[in-house]
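There are two complexes below, and they share chain A, which is joined by chain B in the first and by chain C in the second.
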Partner chain A sequence: MSLAANILEGIIYGASLGMLYVLVALGLTLIFGLMEVVNFAHGAFVTLGAYLGISFLDLTGNFWLSMVLAGVVVGVLGLAIERTLIRRLYGEEPIYQLLLTFGLALLLEGAVILTYGQDNQLLSAPALLQGSPVPVGPATVPQYRVFLILFTGVLVAGIWLAIQRTKLGLIVKAGIEDRERAQMIGVRLSRVNMLIMAVGAGLAAVSGFLSGPLLGVSPQLGTGLLIVSFVIVVIGGLGNIRGTIISGLMIGILFSLTSFFYPSLANPVIYVAMAVVLLVRPEGLFGGVGS
Partner chain B sequence: MESETDADMMGRVLAPLGADDYSTQISKARDSGADAVWAATVGADSIKLVKQAVSAGLTDEMEILVGVVGNSVGEALSDEELGSIYGGANFYWTAEGSGDFSDEFRNDVGNPPEWWAASAFDATMEALTAVDENDGSVANADIRPYIEEREFSWSRPDTSWRSCDHRAVQPYYLLEGNPSGSDSGEYWSIIDDTGGEAIMRSCENTGCGL
Partner chain C sequence: MSSEVAGYGQYRELLERLLDSPLRLVGYAVFLFALPRVLPIGIGTQIAILGLFALAFNLLFGYSGLLSFGHALFLGTGAYGAALLVVHLDGPPVAAILLAVLVFEGAIALVTGLLSLRLGGVYFSMITLAFAQFFYELSFTVDGLTGGSDGLLGVYRPSLFGAGLVDLADADNFYTLVALLVLLVLGFSFLLTRSTFGRALVAVRENEERTTALGVNTYRVKLIIFVISGMLAGMAGALQGLYIRFVSPDILFWATSGDAVLNTLVGGMHTLFGPIVGTLFLHWMEDTFFATSPGAWNVLLGAVFVFFVLFARSGIVGQLRSLLRRVADWADRREAETTSIAAESDD
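Now for the complex of A and B:
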């Protein structure tokens, strides 16, 4: 295979991984942007989504329906957590939110281990996407990777359009821009908080389920994705939706290409990139909240 | 390795521990022209590698052997993935000579033991036996002469301690994925066994001399 084909493959493979990161990071950045909560329980939503999806798959035998059900159930759980726990801490010191969400993460991960055990679980791509890899220019790419890019791309584009073009999106943007001013002009942010928490948790769950055929499903699945997602949110700018999408793709591709040329640097390069951005542009490449 | 196996090493590629993406390693393996890949991965990394290698069609072009596997890897793979690969382990519960330990373990825990359970059991039993035979002394100096060159078979046969570095000399089983064995917990079939000091780095080679 030529170098150009290898690089193209690295970019496509990196993009498929990056889009999974984007789904997780989008929820994180929306929740932070709107509620100013750094949600450490977000990784647990990812894990929970993967495990619940497997249970739904056992029940229904339908991959797509299971993905939707996992997203909806975890979304409702996120909503309930926001209503019963997180809302009590709005305006409080960040340490309380950190302790609460970190505790929730441990609790949810523990519940997964108690229910499903520590062992890795089987989750395969749907039969429709298990065929031979497809040629993309000089590269060949597994069908599931192509699906991941297309499906998550449509999902992310839909969220982007909803935020840019709808009244609700306008309210979300207003809340992210200036929470107090939005409330002063009569915007009821408490309902929007609920919705964003549900959407963020649901996206995390979908990401967890879709990760399964690629990464396997273990109780630590969400933790791994969460750490990289935090890096993406920091690089893209806390609360910046466009920045999160672009930096998610960048990190996925950076990891994939570094892994090809300098494998031992593939993991550190992500954190080096974050450190450089923090030093040069502390608000993130695309600016922070409100940018 | 090449001189001992009559094999030509076509290349070597590293992957970061805990990596999510193995696409570049898969590409390099494909480009190498090798007949087989030895994957020195464990646990979740092995699962991710095999899933991605099978979906990329690599197993249609070459054999893949994952150096250390067990049921925890097997049960996370689909029938197609499991049926496409080979594995290796220093313990597998169906091996000859491991029946008593495996039966006891299954009775107590409910599922077959993994290699780490067997290793932990061996180490514990050896330490307790050494202390017992040394009148209850737990001093290193007292235990040391006892275990050097000692042979034992708590969880598997043909096991001993090597005196120059106190490493366990163990069997090594070559395994083949067994898609039909998921119901019985036999995710792997033993197709050959080797092991012993012949497959270990010598103490001269590692520089260890206790």
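Now for the complex of A and C:
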């Protein structure tokens, strides 16, 4: 295979992985933007989504239905956690919310281990997408990867449009920009918080389920994705939606390209990228909070 | 009545003076002396080392408010550092190993601290976590040095000063060394938190903007305590590597950083001894009841932790302290009542 084909393949593989990161990091960044909560339990939502999805798949035999069900169930769980626990700590120092959600992450991960055991679970791509790889220019890409890019692309674009073009999105943006002022002009942020928490948790669950065929499903799946998401929001800026999407894709592509050429460096390299950004542009590549 | 107006009653005053006195160190010494006699020495040693790790973490978190989620980085590199020195230098004296690790960890903490402190608040937690994860991944990459996922074998405990002086292969001797180091760090922390620098730390925690306005270079204050905390955590790591005589990437995993956070909050984050009490409590529970069921332990641990964050943020030691204060106040009130009744009957 030619070098150009290698690079192209690395970029496409990376984009499919990066979009999975974006789904996780987007929820993280929205939740922080609105509630000033760094949701440590976000990784547990990812893991839970993958395992629940597998259970639903056993029950229904339908990949798509299982994905939706996992997203909805975890979304409702996220909403319940916001209502009953996180809400108690609004207005306090962000450290306590971080600690609280860290405890929840342990609890949820423990529940997954109790229910499903510690062994990795197998999750294959749906039969529909297991056909021969798709030729893209000089490269060939598995159908499931192509699907991932298209599907998550549509999903993220939908969220982007909803935030930019709808009244609700305007409220979310106002809340991220300045919570106090938004409340002063009569926005009921408490309901927006519930919605964003549910959407964020649901997206994390969908990402967890969809990453199963790529990464394998283990109780540590979510925390791995969460830590990469932290790197992404440090680079893209917490609360910065555009920055999160772009840096998620960049990190995915950087990882894939490195793993094509220097496999053993692929995991460490993304942290080096973070260190470089901190050194050169500590405020993040895309400036401050907003849009 | 007059005693209430003047402030504390005599019992409360006595208690406050006791709580603030260096005499506490005697209590710590007794605790560390009793630990391997109440519990098996293996568990006692483990608790003392991980307690030292939590103590080092809390010097940063409890006093400056910076929540590091990456202290596994120091414990892990300290353990690898000590183990590599033993394996490659044919067993240099442990005293030299500890000094070398302190210097080495100081350098690592300086570099990671400079970068982690560039962004404030919650970013600090995420960045420190990411740096620890970097070293975790790196331990697989440089498997020629670390043994990769198989871990580093062939580690043993040389004598403390070389030439067979103080044999640390002996479990009692090794525990005594660990306990003395823990006491030393406790004494150091006691002095540090009562120094001008310690007050600057608390000021940074309580209100960073105002502290800056007062002319304190808060960035430098934070960097110094980060480096001290990292060095001490690294020393705990060196002890851990020498104690287990085996190091694997697990020690650099984020869960190790999480342990320091858990032990500290449950034990009491704004207290000197809390992290050790928390380590004792949680490690003993896990070791005794949940050694074979990690899932159930995580569920319980998560629930206990959430409870402490919501309802008992000052931890076990903090709660005990306020209980003691309430008892002292109650004793003072009783005494005030009896004297005033006596005074009335005199009339």
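Going forward, the second predicted complex is superposed on the first by the 289 of 291 C-alpha atoms of A that agree within 3 Å, B and C clash if a C-alpha of one lies under 4 Å from a C-alpha of the other, contacts with A are read in each partner's own complex, and residues count from 1 in each chain.
Just so it is clear, a contact is a pair of C-beta atoms (placed from the backbone, for glycine too) under 8 Å apart; a residue touches a chain by one contact, two chains touch by 3 or more.
Here the structure is a predicted model, which means the values were calculated and not measured.
Legend: residue contacts after superposition of the two complexes on their common chain; A:Ala125 is shown touching chain B, with no touch to chain C.
Once chain A of one complex is fitted onto chain A of the other, the partner contacts of A:Phe102 are limited to chain C, with no touch recorded for chain B.
In the superposition on chain A, A:Ser264 contacts both chain B and chain C. By the touch criterion defined above, A:Thr223 lies against chain C but remains apart from chain B after alignment on the C-alpha atoms of chain A. In the overlay built on the shared chain, the residue A:Phe255 is in contact with chain B alone; chain C does not reach it. Once chain A of one complex is fitted onto chain A of the other, the partner contacts of A:Val134 are absent, as it touches neither chain B nor chain C. Once chain A of one complex is fitted onto chain A of the other, the partner contacts of A:Tyr144 are limited to chain B, with no touch recorded for chain C. Touch criterion met: A:Ala111 reaches chain C, while chain B stays clear of it. Shared contact residues on chain A (touching chain B in one structure, chain C in the other): 264, 267. On chain C, the positions that touch chain A within their shared complex are 65, 67, 115-116, 118-119, 121-123, 125-127, 129-131, 133-134, 137-138, 140-141, 254, 258, 261, 265, 293-303, 305-306, 309-310, 313.
Residues of chain A touching chain B in their complex: 1, 6, 9-10, 13-14, 17, 119-122, 124-125, 130, 132-133, 140, 142-145, 213-218, 220, 224, 228, 252, 255-257, 259-260, 263-264, 266-267. Residues of chain A touching chain C in their complex: 32, 38, 85, 88-89, 93-96, 98-100, 102-115, 118, 223, 227, 230-231, 233-234, 238, 264-265, 267-268, 271-272, 274-275, 278-279, 282-283. Contact residues on chain B toward chain A in their complex (touch as defined above): 13-21, 23-25, 27-28, 30-31, 43-44, 47-48, 51-52, 55-57, 72-73, 75-78, 80-81.
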